[in-house]
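Each of the two complexes below includes chain A, the first together with chain B, the second together with chain C.
What follows is the complex of A and B.
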């Protein structure tokens, strides 16, 4: 009965109801997007960092991984030191450099990673095999496309290029043995990976045995914080950064987006609340006579309240259902914009699909829908019956 | 170019002077007159220098999320420290005016061998890529907000006009023309939209000041994050007014087309 009455009241003002549902839908879409934005970036980054199981990154002291051109000298000695820590299972040293590939009268410049193929955590092989031999490399599709090469081809590569003399330094002939996807690089960035020793020799870093970064994997159950503190105490030239530390850094640098998410989410919720409250207040004010008659013929106050709260819940539910679909669509669009951030890993998703975000948005909007209906309905049901009927009759 | 600084009290007299940025000065508790050792790598031998100036950071969008410190050294000292030799990353060239800039660009690029000259404006566009993305994101959010506001405004004004059913019926019954009633309602809606816009502009201006204050302090930069310009205010007021008038007109049209007795519920 309550449902029928509520449905009839909403259908009686179809245009108004449709507008309110549309308004709630836009507010719900915005709320969902902002809930996803405020939590998603962090989760996406954490997932990326832990995707290959490395819990610690060792960067040159005072820097973040690949944030500057700083290097860590004495990589072999550091590797030996790290292996004395019982909790360490894998250490992956990484050297970053620019590689120039002259071909057919033009030069393709790419980002190159020197890695230990057996322990690397920077790329996933798509086809072919790891560069196990000194003169082999794997490349991503962007590089292969830019240089017009394919797996099996041989190329001349150099790490130094003097634009004034147009001469190359650190040249070597390399064979492409695999196609790879690089996990931490930005979209569209050409990249290759080759054995660490080869890149060190090409860049002239053989003598100081320098690398840009170490990635460290610990055995299951080992304390990451304890290992980090041990490394900080025993390897003075590096900063040991745990996943939690990296996330804190990301939180700090991208705090703006989290705060924007909270603020716009709160504003969306407020807009939805105001819209439903205003609508229900006006709707109830128009029907005070009708409500007084219901009360006069014996309909209880809770019954009246329930009917009006049901109306507001129907509006917020319908709006939320439309809004969730709209929110997921706009999230893809907004993510496409933000993923163009320079230097941001392509795997980072600002608006990852998270069931928890949807449940949070749903719960918030359902609460708002109920709250928005309670006050006007209680006020209407509390009006004196006789006085209201007389006023309505005079009017 | 990264220089790692190892700060220590030195017994020897400093040979050269450097300038550091205010962020480094605050974090490392350094002041003009202090001595420091600068080296190209942690623990490597370096030069003892005297801090002769503390400089403010420029409003550079490309550095906004980077926590780097800035140190200014004499070019020859930096070349020696980094073993770069007689090499530089770039030359900055000052010109008299825009015509001279174009002439200089053409002359340099005609004669250049292995390098290229760019106008500073082009460099600024390239380095502000981060902010371009943020701007596009803000524009997209702005469009969603405008849609939500439009629906909200339409809804509120429709409800507000609907509330006047009896007043409109009375006006029509005493002989006021449809046209006059329509104009009165639209005028009322326009006034409400205008008042709301004025309030919105004031709130927007205050919010913008708060945003700038907070993020300038947080990122330690003089960069202005939010700017309320005349064009933006004009756009917001015009949009709000247009939406108000459209919403008022739609609601008024519906009311004046309904017979007065039906508006009274008879």
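What follows is the complex of A and C.
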């Protein structure tokens, strides 16, 4: 009977119920997105950084990775040193450079990575194969599209280019053998990867054997911190950064995102709560007469409250459910926008679906909505019966 | 006949801008099981206030109300609500049916609250609607019923849990004479079937259908008269 009364009340005000559900849905969607943004971004970064299993990266001491001026000379010697540390399973040297590819009177400039294809952790092959031979490369779709090339084509690439004189330096003929997706690049950035030796030769770094960066993978269970400290002590030209350190740095930079997320999330929660409270207060206030009648004929106070809480439960659960769908849709849309953010790897998911955080947030909103029915209904059910009936009769 | 309801030295004051309105001023009253009492008096003399105290939807400023020997005024809200549910039937001037429920659902409401099973409820709901002559209108909502029909549904609802006492405050107040007469007839039948009735009314016909007539003035009972059976209304 309570259920019947609750549903009848909701049905009786179908438009109002629908609007309330919609309002809660918007608040829930906002809450969902903010929770995803604030808790998920870090996980997403961590996932990205750990996706290839490299726990340490070694950058030239005192610089940031891929600072084009900064180099780590003597890569082979460092590799040998690193291999003496028993916990190290893979070392991936990386050299970053720019390549200019003239074709049909146009020059396409692309980011180039010199890697050891067998140990690299920068790209994932989509099709074709790794650039195992000295004059081979893999490229991403952005590059292929910009240069109008495809797998199997051969191109002329140069590391130096003078636009005035239209002269090239460090030229080399390379064949595209694979299509790849680069993990750490911003959206839309053309990129290629080729053997480290080749790029070193093209950039004139053969003699000093310089690279921009090493990525180091440790065996499972090895202490990352211990390895990091060992490397810092034994390789004076590099600074070892663990994924945890990198995450901490990222965390620091993303703090604003997170704070924004928390604040807006809290606001959405409040909005949802106030919305349902307002609605239930209005709805209960226009029914004080009915409630007084129910009380007069013997309906208990808890039962009156239960009936109205059932109404707010229906509204808040329906709203939360719609909000989940709406939130996921907006998250996808927002993610597409934010992925274009310059300087951030396109592979980062700003709104990863994190079941625990999401269910917690939505459960919180739903329960807050349910609670919103308690106070107004308890108050209405506690009004003096005779006095309320008299007021209703006068009104 | 044994006393069903006993009111002793009832007072009910309303505080109004610092001054107290003595709506009920020292009323003592017994209602026997199966009795039919009408309370009359000028407007504002405290009839409704007294009825509310008798039906335990209001608490007296002083005095006690006992039902079947049990002091009702001392009960807490929970017990008091339960008491109303099981022992008192209310009929209001403005019917006060739940607009969102059908006639039968309205009648079933107190039974559901009392914990009666659905089949029992439906059966008794039908039975009560038949009793008030509305067996065909069970699926209609209050807005689809006339005033007299609504009041008959309200009476069926008041009878839902077989109360020993039905209290009615101007039950014919909103109805024309003919429809009012139907309600009066229904009350007589109800009383003949053993339910005690206390009605507050300005309606001469209704008042004279009762067996005892209580006259009130200024919050107090001034006279009581016992009416001969078969007062005025036939049915």
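Quick note on the criterion: the second predicted complex is superposed on the first by the 386 of 395 C-alpha atoms of A that agree within 3 Å, B and C clash if a C-alpha of one lies under 4 Å from a C-alpha of the other, contacts with A are read in each partner's own complex, and residues count from 1 in each chain.
One rule holds for everything that comes next: a contact is a pair of C-beta atoms (placed from the backbone, for glycine too) under 8 Å apart; a residue touches a chain by one contact, two chains touch by 3 or more.
A quick note: this is a predicted structure, and the numbers were derived from the prediction, not measured.
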Chain A as common anchor, with chain B and chain C clashing or fitting: fit
First (chain B), second (chain C), both or neither touched by A:14: neither
Chain A: partner with more touched residues, chain B or chain C: B
Which superposed partner A:233 touches (first chain B, second chain C, both, neither): neither
Touching partner for A:290 - first (chain B), second (chain C), both, neither: second
Chain B, chain C and vertex chain A (Cα centres) - angle in steps of 10°: 90
Which superposed partner A:389 touches (first chain B, second chain C, both, neither): second
Partner chain(s) touched by A:26 [first = chain B, second = chain C, both, neither]: first
First (chain B), second (chain C), both or neither touched by A:338: first
Partner chain in contact with A:118 - chain B first, chain C second, else both or neither: neither
Contacts of A:278 with chain B and chain C, given as first, second, both or neither: first
Minimal inter-chain CA distance - chain C and chain B, angstrom: 9
Overlapping contact positions on chain A, where the chain C interface meets the chain B interface: none
Sites on chain B touched by chain A in the complex: 1-2, 4, 41-43, 65-68, 113-115, 129-130, 133, 136-137, 140-141, 144-145, 147-148, 151-152, 154-156, 158-159, 162-163, 166, 215, 218
Residues of chain C touching chain A in the complex: 48-49, 52, 55, 57-58, 77-78, 81-86, 88-90, 92-94, 96, 98-101, 105, 108-110, 112-114, 157-158, 161
Of chain A, residues touching chain C in the complex: 1, 4-5, 8-9, 11-12, 289-290, 293-301, 303, 384-387, 389-390, 393
Touch list for chain A against partner chain B, complex: 15-16, 19-20, 22-23, 26-27, 29-30, 60-63, 67-71, 73, 162-166, 236-237, 253-256, 264, 268, 271, 274-275, 278-279, 282, 285-286, 330, 333-334, 337-338, 340-342, 395
